[in-house]
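Letters A, B and C mark the chains as written, and numbering starts fresh at 1 in each.
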Amino acid sequence: MTPSGIRLAALIEQFGGELIGDPDHAIVSVATLRSASATDVSFCHRGKYLDDLRHSLAGVVIVAPGDRDVYAGNRIVADNPYLYFARVSALLNPDPKPALGIDSSSRVHPTARIGAGAAIGPFCSIGANCHIDDDVAIGGHCAIGDHVAIGAGTRIDTRVSIYARSVVGKRCVILSGAVIGADGFGFAPDGGRWVKIPQVGRVVLGDDVEIGANTTIDRGALDDTIIEEGVKLDNQVQIGHNCRIGAHTAIAGCVGIAGSTRLGQRCMIGGAAMIAGHLELGDGVIVSGGTLISKSIREAGIYTGVYPFEQNKKWTRNAAALRHLEDMKDRIRALERRFPDPKD
Amino acid sequence: MTPSGIRLAALIEQFGGELIGDPDHAIVSVATLRSASATDVSFCHRGKYLDDLRHSLAGVVIVAPGDRDVYAGNRIVADNPYLYFARVSALLNPDPKPALGIDSSSRVHPTARIGAGAAIGPFCSIGANCHIDDDVAIGGHCAIGDHVAIGAGTRIDTRVSIYARSVVGKRCVILSGAVIGADGFGFAPDGGRWVKIPQVGRVVLGDDVEIGANTTIDRGALDDTIIEEGVKLDNQVQIGHNCRIGAHTAIAGCVGIAGSTRLGQRCMIGGAAMIAGHLELGDGVIVSGGTLISKSIREAGIYTGVYPFEQNKKWTRNAAALRHLEDMKDRIRALERRFPDPKD
Amino acid sequence: MTPSGIRLAALIEQFGGELIGDPDHAIVSVATLRSASATDVSFCHRGKYLDDLRHSLAGVVIVAPGDRDVYAGNRIVADNPYLYFARVSALLNPDPKPALGIDSSSRVHPTARIGAGAAIGPFCSIGANCHIDDDVAIGGHCAIGDHVAIGAGTRIDTRVSIYARSVVGKRCVILSGAVIGADGFGFAPDGGRWVKIPQVGRVVLGDDVEIGANTTIDRGALDDTIIEEGVKLDNQVQIGHNCRIGAHTAIAGCVGIAGSTRLGQRCMIGGAAMIAGHLELGDGVIVSGGTLISKSIREAGIYTGVYPFEQNKKWTRNAAALRHLEDMKDRIRALERRFPDPKD
């Protein structure tokens, strides 16, 4: 990429696709179809934006084969425009490189090993026997407990807590405010009081895991809480102790998963869904936003359970009827018994 | 205000209203009707507290015109007692003034500009090219990224993260643990894996915005996430990337708003409500607590969708019947067809 | 406990129960039935794990009287195996002792009193007139405001905020990221704008309270927000201003309780439940996960309100029927009127 941007011919060379237009046109930044200008690359991956596509002023647009002739300007035809755009955008917007080395204000225990190319911001504390691998970036104000291992190339933003003995994989991203490895919620009842159960497990994050802002993942009670490779967690997600989240599962914001539940691989959990404890969800289960899952699900598919919203007045009437649902069922049955259908 | 408090006559002079009682009586603090004593001011703005009003020992009570004769002691009659009380309380309880200047333990980048009257607590980091305007108070342990702008008179409490390039308006309040401007949750699927989309937008907060404790607001993917002036967000609210929240909208605790959704002005969103992504809610939409909004709403009004709670035994029966609702509808229709109403 | 572990005879001596097996066998750690080996203690408290019990390799298993002969190896028979295990585990896994004294990087106001045996980690700020009692452990990066009192033996982990004037009892545990005492969400409407109500109350935590990671508890508007002794709050719980949570109540993750609501003693609130404001729940009320409570509940018992989840296709049909529920009720009534049951 030159100061004047990257040529479209270079994009084709690097990422493939078919260019219709000027191979020497150069772009420098990304934008939406509506806000793009001549030095921007944009994309169109959904039919509903065809009108925006038609009127865009983008320097180049990445489009699906079916949309190859909607836009008159430069376009790149690709099978998966969104994925293609993701790669172009990553090229144009590399992660800012933080200052290498350990900020003088931070506290690194003498027994901690810090790899080459690590960047540790101000006001961090890093405990005894930690192993921070090469090219790890840790923003300021992080609290890393004893015996924590962090894999190469991982980026941890500001104000993250990682409790002792946690393991973080390679190339992970952990956003600000996340808490990894706090005590699981385990108490034994003792005559109306609660006695705390020591939580002796760990949290283990695989490679390429992303953890959202203010998300919390508790360490296991006895065994470990495990987040497998490629899992993506949005903000304010809560993962209880002993959970296992299968590889490449994506979990949207405000989701809670209670203790000892296991999710399969490539699941998708919609925002604010809640999954009760001690359940198993198979591979490829998709849960709609706001749904509460109270039983295990073996079969892949989409599962939903949300009372549909309505204008408050209508809701009030229907919600009242709902309390008599079993009774309504009985009354229908009674009518049917008294008047049996002659066709049956 | 003298050490011995503020005279009722002075309140009337400053805030209006009608005083019934002793203009020389002085008050020093605020209290509820039940706990107030002779040097306290209290208020009554709801009919259900009339009994507390009657038996209060407050030095003065602010009451609505309809309640002017319920309390025998000093009272101030005002059209909006709660608002009047808010102003009196702000007079009696000014924000504590933190120590001016920059705490010596904090790290302020040499290129950052800090306005007059700023107060920056201990263990803060403030990045390159920040512009912190006059009279800004930043509590300790805050992580402010590069190129952040913070408007005059804003108060930021302890342990707040503000990512690079965010813009905060004037007279905002940001409570502890909030995270402003973290990466939006954007990934493109690539054969069962997720490829991260760089999030190049910003978060822009208007003037007089309040952000609750541990609330998170993600920065935009391409355009900005915008919180307009006067918006009030409670604790543990999650705002996804590219959202726009209209002016003076109030959002209660634990609400999640998924990406690219737009709320109009003066909306009110009840606690734990969830709003799906890519929706538009018009001005003046009121959403009941716990409701999941899955479609756009054009018209102002109250919208609700919560399954009514019941004793578990009754719920179990009704929830079972619910799974056969479509079937019940069919059976009613079948009965009606076999026995058409002669009046129809 | 010797380096070679603790003998089973010593456990019986300390905690009671009946030993069947070798009193000289020594254990050093805890494990699940499946992962335990000869130096581990495990337990079985639910019928569904009987198969694991039968095949366990644990050095000793704590079992209920009914399961005394399922396992062939060493076992301890106890009335409450989970509670017994909690005590053994606490013996084997004592809290790690942090370094005593005040880390040199921390800022303690000269007027703050710090008790004997206190351990204060790096990058803490402790305000004026605080009283930190004996044997308190405060992890790094904590922000403790002015006039805060913390009782003896309390453990506060990293990155916790405690606002001015809060009171924390004895032997409490506060996990990372919690925010105690932030401003309650109180605004008076003023012609389409919001005017902030000063929040002059405090947060008061009783003895033996546990607060989860990233949990928030707002201080009272006028009176205090009170969490009574022995209450256990999981992660990402939100408690609004003026609430009172009764002694020994347990609240699971992601629960929100709106302002001025009171819970009785020994309640149990399931994960992601939401309780509206200004309500009263009596002693011993149990709320199922995900339930929204919108009315006060006097009577102890289990309360539930969650739309049951289904495969999306089936849900779509039933949810559509739900919008016509009141109409269905009317149609059943009409049929019944036209065809009165001769038995009635």
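Convention: a residue touches a chain if its C-beta (ideal position, glycine included) is under 8 Å from a C-beta of that chain, and two chains touch if they have at least 3 such contacts.
Values in this document were obtained by computation on a predicted structure and should not be read as measured data.
*Asks:* Quick check: superposing chain B onto chain C on C-alpha atoms, how many degrees is the rotation, to the nearest 5?
*Replies:* Superposing chain B on chain C takes a rotation of 120 degrees, nearest 5.
*Asks:* For chain A versus chain B, which are copies of one sequence, does the interface use mostly the same residue numbers on each side, meaning over half shared, or is it different?
*Replies:* different
*Asks:* Where the CA atoms of chain A average out and where those of chain B average out, how many Å apart are those spots?
*Replies:* 26
*Asks:* Mark out which residues of chain B touch at least two other chains, giving numbers and ranges.
*Replies:* Residues 123, 141, 159, 177, 214, 236, 254, 306-308, 310, 320, 322, 325, 328, 332, 335, 339.
*Asks:* Once bound in the complex, which stretches of chain C touch chain B?
*Replies:* Going through chain C, the ones touching chain B are 107, 123, 125, 141, 143, 145, 159, 161, 163-164, 177, 179, 182-183, 185, 187-190, 192-198, 200, 214, 216, 218, 222-223, 236, 238, 240, 254, 256, 258, 274, 276-277, 287-288, 291-294, 301-308, 310, 314, 317-318, 320-322, 324-325, 328, 331-332, 334-335, 338-339.
*Asks:* Using the touch rule from the top, collect the residues of chain C that touch chain A in their complex.
*Replies:* Chain C residues touching chain A: 29-32, 35, 80, 82-83, 85-87, 89-90, 92-93, 96, 105, 121-123, 139-141, 157-159, 173, 175-177, 208, 210, 212-214, 230, 232, 234-236, 248, 250, 252-254, 266, 271-272, 289-290, 306-312, 315-316, 319-320, 322-323, 325-326, 328-329, 332, 335-336, 339, 341.
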